[in-house]
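Should a chain be cited, it is by its letter among A, B, C, D and E, assigned in written order, with residues numbered from 1 in that chain.
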Amino acid sequence: MSPVEFVPVIPLLPLVAMVIILLVTRPLDVAAQRRAGLRPGPSPRGGHDDHGGATGHDAHAAHEDAHDAHDAHGGGHGHGVTTTWGMIGSVIAVIAMVGAFALAIAILFQFLGSPSLQRTGYTAHLWDWFNFGPLHYVIDFRVDPLTAVMLVVVTGVSMLVHLYSIGYLAGDPGYSRFFLELALFTVSMLILVLGANVLVLYIGWELVGLSSYLLIGFWFDVAPPPPGSDLPYPPSAALKAFVTTRLGDFGMLIGILILFVTTGTFTFTTLNTPSTYQHVDQFTVTLAMILIFCGAVGKSAQFPLHVWLPDAMAGPTPVSALIHAATMVAAGVYLVARFFPLYAQVAGPQSLEVVGWVGAFTALFAAVIALAQNDIKKVLAYSTISQLGYMFVGLAVAPTDATGIFHLFTHAFFKALLFLGSGSVIHAVAGNQDMRRMGGLAKYMPITAITFLAATLSISGFPLFAGFFSKDAIIGEAFTYGADHGGNYWFYGLTLFTAGLTAFYMFRLFFMTFGGKGGAFGGFWGGERQYRGDAHPHESPWVMTLPLILLAIPSVLAGYWSINSGFANFMTASTNQPYNGPALDTLTYAGVAVALAGIGLAWLVYGAEIIPARVFTSNPVGRAAHVVLVNKFYLDELYGFLIKYIILALSQGAVLFDLYVIDGIVNGSARSVQRLGDATRRTETGALQNYAAAIFGGALIIALVVFIATGAFVR
Amino acid sequence: MPLNIATVAFYVIAVALVGSSLAVVMLRNIVHAALFLAVSFGAAAGVYVLLNAEFIAIVQILIYAGAVTVLVLFAIMLTQNAMSRSSSPFSGQTWLAAIIAVALAAGLIFTVGASQMALAEPGASANMVNGINGGGSVTRIGQLLYSPFSYSYVLPFEIASVVLLVAIIGAIVIGRED
Amino acid sequence: MVTLNSFLVLGALVFCIGLFGALSKRNAVAILMSIEIMLNAVNITLVAYASAFQSFAGAGHGERLTGQIFAIFIITVAAAEAAVALAMIIAIYRRRSTIDVGQINLMRW
Amino acid sequence: MTSTIGLPQIWLLSPELSVVLLSFLVLGLDLVTRRKAVTWATAFIGLIIPLALTFSLAFNTFGSRPTTAFYGMLVVDTYAIFFKLLFLLIGFTVILVSYQFVEKYLRATPGEYYSIILMSLAGMMLIGSSGELITIYISFELTSIPLYILAGLSRSDTRSAEAAVKYVLLGAMSSAILLYGMTLLYGATGTTDLVEIAKATTSVLHTGNLLLIVGEVFIFAGFGFKVSAVPFHMWAPDIYEGAPTPSTLFFSVGSKAAGFAALLRIFVFGGLVALNSSYLWVMVAVVAALTMIVGNVGALLQTNIKRMMAYSSIGQAGYLLVGFASLIIHNTTAGDQAMLVFLFVYIVTNIGAFTGIIALGDATGRENIRDFDGFGRRSPWIAAGMAVCFLALAGIPPMAGFLSKLVIFWVAWGQGSGMTILVIIGLLMSAVSIGYYANVVWRMYVVEPEKRDYVQTPVSVGLTMAVAVAGVIALTIVFGPLMAQVGIGANSLFGALVH
Amino acid sequence: MLLTAIVFLPLVAGILALLAPERAARWIAAVFTGAVFLLTLWLYFGLLGSGAPNFGTVMDPQWYINLKWIDVSLGSFHFKVDYALGADGLSITMLILNGLLSLLAVIGSWKISNRPKLYFAMLLVLETGVMGVFASFDLFLFILFWEIELVPMFLLIGIWGGQRREYAAWKFLIYTLVGSAFTLAGIFLIYFETGGNNASFQHFAQTAPGLTGSLPFFGTTVSLALVVFLLLFVGFAVKIPMWPVHTWLPDAHTEAPTAVSVLLAGVLLKMGAYGLIRICLGFAPHGAVEFAPILGVLAAINVLWGAGASMVQKDMKRMIAYSSVSHMGYVLLGVAAAAAVGASDVAFRQAALTGAALQMFTHGTITGMLFFSVGVLYDKAHTREIDIFGGIGKRMPLLMLLYSIACFASLGLPGLSGFVSEYLVFTGSFATLPIPTICAAFGVVLTAGYLLWMLRRSFYGPLNMKWDWLTDATWLEATPLIALTLVILFVGIYPLPIVNLLTPSMQQMLHGMSAIVAH
């Protein structure tokens, strides 16, 4: 029995944890809270409010004004106490995740050690849904190198986030619910990456959407932020996230359907075999692949469906780290990678070009918006969008999917670290997320700061950090691509420029949060004097810092796996094509130079404040640009307009059509029958002669009709 | 065309019948109308005589010209003030009535003249009024009405007796002053 | 020449005269009189047919005097009917003081 | 055909005879007793004798019997027996349900009232078994004159007198047109015997004979008046509304059944459908369509329930005429059979419906549809029975009304393309008809009553309702055997044609 | 016998409930509907026990009973109505659904206080009618049962309904009756065109391929099978309901009391779909093939129209009612795809048809759950206006949880049953009707939009203090919801048993269609 044969256990562990929490610990937790007076008991009206449930937060939350309500979310400041049962539930979840992670690691190592397993993969048949002749709808899991990597990423980050959440969510009345939903997410994500066919993948795909919806809306009962505030509102954000990704899923579903009706199968191994498509028009496949990419656009928040991700920051920060940075949003990348042979070999080149253009544009677009954001999580959100764009570019330009996936791999760690770090910061400053009211926090929370710095360096592509390896590989591949494709260096240019922007805004964030003018090491290491807020910052408890430390390790070191194309060869083992990464020293220098330039500029503006930030907004062009950026290019407004005046108007039209046209006809015909009835009544004049006339006149007319019918008049 | 006395009689009677019937429906004075009704019934009796149906003629005179006319006159007297004299005796649909009547008459005349009859190949065109050839049918009529031993209409005859009974009861019940 | 048709036409004419009266008069008694004229016309037609069929005596039941028998029944029943109808007219006259059928229209629609 | 009149002939006539004798007896009781219950019980129990005699005819209890008597004027075939039973059923229920009405509202003495009903009943029974035009006419008048009287029997109700006048004058006019039609038929065939007419039409006369056609149209008009077919229907709403309710019940079932009995007897037994069927079909189909439409549409906005029931009965006549049309078009027994079954079911359900109306009317003197508000609570059992009967009339399953309507339309559809249009009109009109039938149910069960007092109903009314509802349910269950039995009757009508 | 018991036990119970004292009525109803539900389950498990289970087809019905009822010759034809009850996979599925929902409806209306005897009696009569529709194997018997349901439903809406109950009840009644008038005409037509001697389902299934020829129609000719199909379809289309004859549904659903809405959406609509599949498709396949493209377009309109209309509703129940229109569109789409005989493999059409049948089941459970949820809320708050609420999730966490589950099931979330059937329909129908399928698939996005928007407006956000007094669902109220949740979860995760149940009858039907293609 090898570890890989236990692969169904990986999702099963969090599932079991979830069921235990749902059925056992959470009801007990709620009951305990009620006993302790932490949540309203049975109402005075004598109802049966006795089985608890999703009552969020705290009774007064609704009465506090929006700002305070938001502050209150920064991780349970003494509003409540985690009950024993809540703690037991969370511990069970963490234990389950540790088990899952261990198994994932074991499987990864088994794969690393077995080239044959790398080639063939491992398929576990669970159960049938239904079979119609040649069409099989089955629930199968499959592990191949790609999945093995994803398993480690998902279980690893998830495990750490679980651990972190014990600290972050401590005292929140929804503590148990949070772990329940987190476990649900983990199960869903594991189903997604384990699916051996499109059906299972789609199931996981939708379920992570659900978990995302639930977790974004975790604080569902808060008051909306005051008008004008750009703080996202959890209920709206959850709705927006779900519907927007569904819009992408719609395209994906159509793409799946095209593939299914042309090939008659859902199974990836068959789908990814070019010989399956011998009798299929290439255009059809291209179309299908572009449509499938729509799903990725939605899930991975690419332009133009990226709008949900910044709002998704309304969820608790661990959620942002796990779902909206490390794993779920990367599912789009995973999807394209999963179908990579189809994109690369069967479909026309247009399909990957679309992927590349969307990715490259999004990378730049999001990075530009990130420049003007002041909310720490929003910056990270746009950064995530931008980095996901990178990954798509990586998939589009490289000959294998390894480049993109490797960036996914490294990004998962450092972006999770960034989010958890920001969570730690928010926790420290009483829920404030506005960087303008931070600064100099390094001294208060050194562990957070140092790990955050590591991640920041990593994402900026600072040499020898993980991000450097993965991101510069993409930039390098983009250059090669340009060389191979008639000088199409657009991808290269865009990615390179964006790399600079990334470094700039990430260090802007770092300086505004941890450093500031006059801090140690030239502004990197700020202190009391740099702190602009009014809370009492403090370092987070060990359950929160431990994950930071643990994540910092791969954030720094993960990149070394790509040395000598180790990662790429692992990924492409099944194709038996030795992979030669871009040997592009000069280009790497270009990337590093751009990154350093960005870091330097950020230091000049925010670290040492040699150049005042006003410089950007003091001229009319800059001011206008800033307004546009702050408002994220007004896309939310555009979509709002479309929904309100197109969809809702059409819907209203349908209702009015029902009401006035169809029901008009229906009621009208009913009324005309009634009117006919009235007319019939009116013939009954009560006058006897009229009746007699009807008798004789009727007989006469009938006789005439029959006369005519017999032809009596003709003869 | 031989113009014998019977033919002349037919036309005279026919004119009288139509004329008196028209008078019944046209006259404003209801009493006059009732009197013309008697004339009309009498003329009809004349037609029966022409058709060698003396018994019917007698019955006609007795029941119709006698009994029914008297009954009608009584009714008219009892309801003397019912109709205001100033207003027309005709209702609003007189024209409609006229159209229906004329059209129906035209149709009926067309019909009776145009059709084949099961028994009437010679009879239809034969002169019907060759003269009054004496009675003789009365006995036969009597037999046909209620002979229990030969073909007779004894069943309808008996039923008719019940009809008369019920009419009597009805007239009493309805006409009774409460 | 007076043929069967002469009588039939006469019957039809009288029937329709009666019909005209029945449809146009307002006085209930007058309507009843018109109806009696219609029945008379029917009788004339019947008797005319009976006379025409006399030449087929013995060919079937009743020696083709059936028409006359029918006429007798009609006369009888018509008289009975007239009696009942007149009783009813008088009854309504007692209640409504009118026998104008145009006004006897409590029930309509 | 026997040439003498003896016991067997009297036996054949015995049901009608006994009904007439019973009517005399009841009439005489007025002289002897003043107790209404006695008269009522005599009339009701006395009807058992004709019933027994009818059954003896049906089962040939006194040995094999001739089918005709009185020189072919009395025809006692299965068809006739079917109608005799039907009319006796009507007689029983009408007498049963009249008890309280007679107590409260009647102008006549009970003896007069019941004897009039019984004489009319005798007329109806004779119509069904007449084999000759004169007999039919006389029986017809024996039926009608009592009905005119019944319409005018309500004490102190001006509308009743008005109804009587209208009814008698219009009835006389319809008699006139009927007689003219019979005369023309006589002229064309030279005989009034239906068997002879059938022979003449099948052997001597040709299709397109105008005399025959006009005669048929006029006869149809005359009976159309009785069955209230459009455009001869206009008397019905006024007279139904004005007449006392038990009389209305009697009109709506007895008069209609008698009309159809005579119509079928003349047209089928008299062989008239053998000739001119395509022209006759046009006539009947047009009338049927108009009847269904006017009846069902006209009922929608009525406020008086009896008036509504008049329109309802017009609509039902329309369905029956659809059966008649399908009978004519191909001259098959199928239409005939369907009509008889439909008639049977219609009579039972209509009795139930009217019983409910009588129950409320007797108790409160009210007869507007509005007065049925909350009847479901004021008198649960009567209301439930009434609802069942109304829904059966509307043709809502599972009650027999649905099946009988189904059969009518089914047969009609089977006759070919022309009839399908008629069927579709009929089906749509059934859908329309739910508008007024369900309205009554709605008011009984949904609308809150003005006052919640309990409506007292005498046992007799309750019993009638129970019989009607039981009948509806029983007819549903035994619908198959019923169809088969009725089929024998329907077939017997075609007997004359095979001579 | 089993089917007879299933069909008539509710009727017996209805009569008993009328006769019994008022307090006992609900117990009688509960006991009998419970027993009937167990019997319907036995329909399935009884067959399962016997080794290789044979779930039956139209030609080979299980639990078959056939008694002569009416059998007379009229002229040259035979008027024959048999008391023929039988069940195949499709019927069994629907019978179980009806058994379940009827039981839950009784539990869900436990607290009814206005004329409970009549209420439960009507509910039970309704169950008889619907059971009869799903179990009859004679076309005339079918139409007979078809219309039984009308009056109980009319009264249930009329007496226990909401503000505009009069309008709604009448609209429902007249709409349905006018529709079924055409269906009856269609039954006549098919009966006479197939010999006029037999109305058994087996007979029609056998003669269906022979239903060719054409009818004159205003100077041109149309194929007979198409006319048969369309005539039959009108009544079913009203019931399903298909655009543009759907407008009775929002009114009826909105005004009906909760349990009745559940039955209306849960099983009565399925009667239409059942008729469409069993009768239109099974007995007039030629017509179905001809009509399939148009049906596909209508299905897409149904989905989008219903979803769009749901989007702008202010009343929660009305929104769910429109969502039923939308979701029944998937059934139509599946049927259309099954009939759209093109180049595609028969397996795709089988998938589509099975999906349609499965969608009938899943929609029944899901919409039932949605209506129950709204009912719980309405019983407490006495309003259903979405915007009037706000943040009540805080006061009603259990209801919010269950309501959310229902919403997610409705919007096709995997793991819940709605996804299975919708996915199945899409994968099957895309092969034959790609454009309508794309349109219909967009409905999934809209569904997510309006359902979650509704949740967000009424349950999420700060608690509107006006509703501070609201209490959570009681166990009694939650029972139907929890039961349905379990069903939804089971079918969503492991649909194989129910698909196996459906497969033989679906295959038989498609076999008939394939025979036509071969022609």
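Assume a contact is a pair of C-beta atoms (placed from the backbone, for glycine too) under 8 Å apart; a residue touches a chain by one contact, two chains touch by 3 or more.
If you're wondering where the values come from, they're calculated on a predicted model, not measured in any experiment.
Between subunit C and subunit E, the least number of touch steps comes to 2. Common neighbours of subunit B and subunit C under the contact rule above are A, D. Shared contact partners of subunit A and subunit E are D.
When chain centres are set by their Cα atoms, the one at the greatest distance from subunit D is A.
Pairwise, the chains sharing the most contacting C-beta pairs are B-C. Among the other chains, the CA centroid farthest from that of subunit C is the one of A. Put simply, the chain nearest the middle, going by average C-alpha positions, is E.
Note: centroid distance subunit A to subunit D, computed from Cα atoms, is 77 Å.
A straight line joining the Cα centres of subunit A and subunit B is 102 Å long.
Subunit B and subunit D have CA centres that are 31 Å apart. One simple way to say how far apart two chains are is to compare their mean CA positions; for subunit A and subunit C this gives 96 Å.
The set of subunit B residues that touch two or more partner chains comprises 91, 93, 96-97, 100, 104, 107-108, 110, 112, 114, 119-120, 151, 153, 156, 160, 163, 167, 170, 174. Residue positions of subunit E with contacts to 2 or more other chains are 174. Multi-chain contact residues of subunit C (touching two or more other chains) are listed as 8, 15, 18-19, 22-26, 28, 31-32, 53, 56, 59, 61, 64, 66, 69, 73, 77-78, 80-81, 84, 88-89, 91, 101-102, 104-108. Applying the touch criterion to all chain pairs gives A-B, A-C, A-D, A-E, B-C, B-D, C-D, D-E. Those residues of subunit B that touch subunit D in the shared complex are 107-108, 110-112, 114-120, 148-156, 159-160, 162-163, 165-167, 169-170, 173-174, 176, 178. Residues of subunit A touching subunit E in their complex: 42-49, 51-56, 61-62, 127-130, 132-135, 137, 199, 202-204, 206-207, 210, 213, 217, 220-224, 234-236, 238-239, 242-243, 246-247, 249-250, 253-254, 257-258, 260-261, 264, 647-648, 650-652, 654-655, 658, 662-663, 666, 670. Here subunit A touches subunit B in the complex through residues 687, 689-690, 693, 696-697, 699-700, 703-704, 707, 712, going by the rule given at the top. Of all the residues in subunit E, the ones that touch subunit A in their complex are 171, 174-175, 244-248, 250, 305, 308-313, 344-348, 350-351, 354, 391, 393-398, 400-401, 408, 412-415, 419-420, 423-424, 426-427, 430-431, 434, 437-438, 441-442, 444-446, 448-449, 452-453, 456, 459-463, 465, 469-475, 494-496, 499-500, 503.
Those residues of subunit C that touch subunit D in the complex are listed here as 8, 15, 18, 22, 28, 31-32, 35, 38-39, 41-42, 45-46, 49, 53, 56, 59-61, 64, 66-67, 69-70, 73-74, 77-78, 80-81, 84-85, 88-89, 91-92, 95-96, 101, 104-108.
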